[in-house]
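Shared chain: chain A. Partners: chain B in the first complex, chain C in the second.
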Partner chain A sequence: MKIAIASGKGGTGKSTVAANLAYVLSRSRDVVLVDCDVEEPNLHLFFPAAAVDVPVTTPVPAIDPARCTFCGECGKFCRFGALSVLKDSVLVFPELCHSCGGCVLVCPQGAVREVPRTVGRVACSRPLPRLTLVSGVLNEGEVQAPAVIRAAKMLGEGHPLAVYDAAPGIACPVIETLEGSDACVLVTESTPFGLHDLSLAAEVVEKLGIPAGVVINRSDGEDAPTVAFCREHDLPVLMTIPFSREIAAVQNRGGLICRDLPGWEERFAGLVRKVSP
Partner chain B sequence: MIRLAVVSGKGGTGKTMVAAALADVSGVPQVLADCDVDAANLSLLLDPRRVSTEEFRGLAAARIDLARCRDCGICADRCRFGAIVRRDDAWTVEALHCEGCGVCTYVCPMGAVSMEPRLCGEIYVSATALGDLAHARLFPGSGNSGLLVNEVKKRALARSAGKDLLLADGPPGIGCPLIATVGGMDAVLVVTEPGVSALHDLERLVTVCRRFEVRIVVAINRFDLAEDICRRIEDYCDREGITVAGKIPFDPAVVGAVRSGRPVTRTESPAAGALRALRDNLFSELGLP
Partner chain C sequence: MIVCITARAAGTDAPVEERFGRAPYFVFVDTETGASESVQNPLVDAAGGVGPRAVQMLSEHGATVLVTGQVGGNAGKALEAGGIKAYAYRGSGSVADALAGYTAGTLTPLSLS
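And then the complex of A and B:
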C-alpha cells in the first residue's frame, strides 16, 4: 500500500504527519518513507542516519561537431528552447532540456547523441530497524524535480508499505508524487489560506481518483469552515492536531511528537488504522 | 524602481502575511504580484476588484485523430513521459503526463497526432487599495507553473510605470516557479522561522539565489518559538553576510487578521509593530524612501 501526504499550502505539517505516521507504522512492520519534496527535503532531519547516495541523471543532447551541418532542425524542433543553432555553432542549454529525445530523432546527420546530466540524488538510509528513508534531493538551481521524484519512488519500490511526502502546491511535482498512490492524507490548517489551498489539493486527488482524508494541524479550535468543507466533499477528518507551543518546539528541533510527547503514539496509531486498515 | 520578491524555501513560514503587511505600510507607489501560482493567497488579504481575466495556455498537448490512427503504437513507444496509453482498445493522450515535446507528431507515419493549445490556468489583474495586483490561478494538475509566473510578472511590470516598488509574493521551494520568480528581481526577502527544516531550506534557497544578481535579506517569523534555533539562523546569516532585517514574534493577531481578510498591520499588535520595523530596515537596506 502507498500512502501520499499532500497539502496544497506549504508549511501545514506534511512532513510532521509523514514522519510520525512512518514512525508509528515502523513499530509493527516494514515501511519505506519517501521524501518527494525534492526541492526542500526535510525528513532526514527527523531521522538522522548515514545515507548512501545514488545520483539522478537525465539525458541531454551533445552535438558531434564533426557531423553537424548547422541545418537547424534540432533547434526548430525543441519546444523548450534547449538548443539554439547559430551559423557555425550549436548552443545547448541543458537546464532547459526535458529529455524528450526529439533532437536525436530529427537530426538528419546523426550528430546528436544523449549524455547523462546529474540533476540531483537520492539518499537512502535505515534510521530505524524497520524504517527505510529514501530522500529525493534536487540539486540547487535545477528545475527537473519530477525526474528526482520518479527516481526516489523507484528506489522505494518493493516495500509492501510506502509513505510519500509530497511537495506543496498542485503542479507537476505533486502529480508525480501522487501517481500510483492508494490513499492520500491532505494536511491543512484552520485558516482561510489553509482552506483555500485544501480545496485545490482536493481537486487534484479527485481528478486522479485517489481516496483522501484530512488532517487539521495547528488547530486553534476555529475549524468549523474546514470541517464543513470536508463534509461537503466527502473527505473524512482523520485527525486534529491542536496548536501548542510544546508541539511546535518538538517540531522545530526536528523531534517526533509520537516519540517525544505522551499520548501521540496512540493517536497516530489511530490515524494508521483509518488510512491503512 | 526596486523589484522585491518575498520567498522562503520552506512553505508556510509566513510569506504572504509579510508581503501583505509590507504592501500595507510601504508608503510608496507600488504594484503587486502573486507569483505563488500553485496556491495564490495574497488576494485573500487585499479585497481585490477584478479588472481583467485572461486565459493562460501552457505548452501544447498532443491529440490523436483516431480516424487517421493505424494503431501502430510508435507514438507510445517514443513518448518518454508515458503520456500515450492504451484505453478502450485505442491510443489516447494522458494530458497530465504530456510535456508537449512534439515527438509523437514527428514519429507518427499517418500524421494522426497534432499539438493543440491547452488551457492551464487564468491570469488576473485586480485593483486593490494598495495598488494593482497581478495574480493567477493554475488549474490543478497543470504543469507550466514557471511559464505562468513569468506571465504574472509581465502583467505587473506593464503596470509599474511611475512606481517605486514591485512587490512579489513568491512560491515555496527552489525549483521552477521559484527560479522564474527570482529572475530579474533586485532583491529577495527570505521569510524563515526558527526550525531545523526552515534553516535547512533557507540554506538551499540562498545557494540558488546567489546565482542571480539579487540582494538577499532575511526576516525571521515566530522567532520566539525557538530562540536557540533563531540564534543559529542569525549566526548563519552573519557568516553569509546577509542582513536580518526583522524578527516577528508569534502572535495570535496574525491568524486573526488572516481570518478577517486584511494585513496584520491593520491591527495594534506586537506582530504589526515588528513588521513596521522590518519595513523600515528593509527599505533603508534597499535605498527606498
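And then the complex of A and C:
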C-alpha cells in the first residue's frame, strides 16, 4: 500500500505527519518513507542516518556539428528555449530542457542525440530496523523535480508499504507524488489560507480518484469551517493535532511526537488504522 | 544593417520596452533604407526560456544590433554566440528616439556575460 501525505498549503505539517506515521508503522512492519519534497527534503532531520547517494540524470540534447545544417527545426520546436539556432551555431541551455525528446524527433539530419545530465540525487538510508528512508534531492537551480521524485519512488518500490511525503502546492511535483498512491492524507491547519489550499488539494485527489482524509494540525479549536468543508466533500477528519508549545518544542529539536510525548503513539496508531485498515 | 528595438507597440513611434524577452513588440529597422518592420512577440506569456528564443527571432530577421533596457544571462549568451551587439536604452522615448541614440553613438553597450 502507498500512502501519500499532501496539503496544498506549505507549512501545515506534512512532514510531521509523514515522519510520525512512518515511525508508528515501523514498530510493527517494514515501511519505506519517501521524501518527495525534493526542493526542500527534511525527513532526514527526524531520522538521521548514514545515507547512500544515487545520482539522478535526465536526457538533454547534444548537437553533432558535422551533421547540423542550422535549419532551426529543433529551436522552433522547443517551447522551453533550451535550443537556440543561430546563423552558424546551435546553443544548448541544458538547465532549461524538460527532456521531452522532441528535438531528436524533429531533426531532419539526425544531428541531435541525448546525453545524461545530473539534476539531483536520491539518498537512501536505514535509520530504524524496519524503516527505510529514501530522500529525493533536486540540485539547486534545477527545474526537473518530477524526474527526481520518479527516481525516489522507484527506489522505494518493492516495499509492501510506502509513505510518500509530497511537496506543498498542487503542481507537477505533487501530481507526480500522488500518481499510483492508494490513499492520501491531506494535512491542513485551522486558518483561512489552510482551508483555501485544502480545497485545491481535495479537488486534485478527487480528480485523480485517490481516497483521501484530512488531518487538522495546529488546531486552535476553531475548526468549524474546515470540518464543514470536509463533511461537504465526504472527507473524513482522521485526526486533530492541537496547537501546543509542547508539540512545537519536540518538533523543533527534530523529535517525533509519537515517540517523545505520551499518548501520541496511540493516536498515530489510530490514524494508521483509519488509513490502512 | 538591421537594428532591433524592443517596443510596447508596433511602429517607430511606439515607446521603448525595457524588457527584452517579454517585450510586446520587436521593431526591426533597416538603417540603410529606413524601412521598419514590427513583429509581435509570441513569447510575452511563455513560461520560461524566453531570452534564447527571442534571440533566435532576432537572428531569423537578420538583426545584428539590439537596443533594449536589459537582457538576462541566457539571452546574453545567445546574443554573444549569434554575434548580435546589444545596447542599453533606458529613457522614456520612442523607438525612433532609441534608434537616433544608437546612430549618434550615445548608447552604452550591454555586458552580455
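Simple rule for what comes next: the second predicted complex is superposed on the first by the 277 of 277 C-alpha atoms of A that agree within 3 Å, B and C clash if a C-alpha of one lies under 4 Å from a C-alpha of the other, contacts with A are read in each partner's own complex, and residues count from 1 in each chain.
Here is the rule we use: contacts are C-beta pairs under 8 Å (C-beta built on N, C-alpha and C of every residue); 3 or more make two chains touch, one makes a residue touch a chain.
This structure is a prediction, so every number in the text was calculated from the model and none was measured.
Peer 1: Tell me which of chain B and chain C touches more residues of chain A.
Peer 2: Of the two chains, more chain A residues are contacted by B.
Peer 1: Name the contact category of A:A82: first (chain B only), second (chain C only), both, or neither.
Peer 2: second
Peer 1: For A:S99 in the superposed arrangement: first (chain B), second (chain C), both or neither?
Peer 2: First partner only, chain B.
Peer 1: With both complexes superposed on chain A, which partner does A:G72 reach: first (chain B), second (chain C), both or neither?
Peer 2: In the superposition, A:G72 contacts chain C only.
Peer 1: Quick one: classify A:T12 as touching chain B (first), chain C (second), both or neither.
Peer 2: In the superposed model, A:T12 contacts chain B only, not chain C.
Peer 1: If we overlay the two complexes on their shared chain A, which of chain B and chain C does A:L91 touch? Say first, second, both or neither.
Peer 2: So A:L91 only meets chain C here.
Peer 1: Which holds for A:E232: it touches chain B only (first), chain C only (second), both, or neither?
Peer 2: Neither chain B nor chain C is touched by A:E232.
Peer 1: Using the superposition on A, tell me which residues of chain A are in contact with chain B and, in the other complex, with chain C.
Peer 2: Touching chain B in the first complex and chain C in the second, residues 79-80, 143 of chain A appear in both lists.
Peer 1: Name, in rising order, each residue of chain A that touches chain C in their complex.
Peer 2: Interface residues on chain A, with respect to chain C: 72, 75, 78-87, 89, 91, 93, 96, 143.
Peer 1: For chain C, which residues count as touching chain A in their complex?
Peer 2: 46-53, 55-56, 59-60, 74, 77-78, 81-83
Peer 1: Quick check: in the complex, which residue numbers of chain A touch chain B?
Peer 2: Against chain B, chain A makes touches at 8-12, 15, 37-40, 42, 45, 77, 79-80, 98-102, 105-106, 138, 140-143, 145, 167-173, 175, 189, 191-193, 196-197, 200-201, 203-204, 207-208, 220, 222, 245, 248-249, 251-254.
Peer 1: Enumerate the contact residues on chain B facing chain A in the complex.
Peer 2: Residues 8-13, 16, 38-39, 41, 44, 59-60, 78, 80-81, 96, 99-103, 106-107, 138, 140-146, 171-179, 193-197, 200-201, 204, 207-208, 211, 225-226, 229, 250, 252, 255, 258-259, 261.
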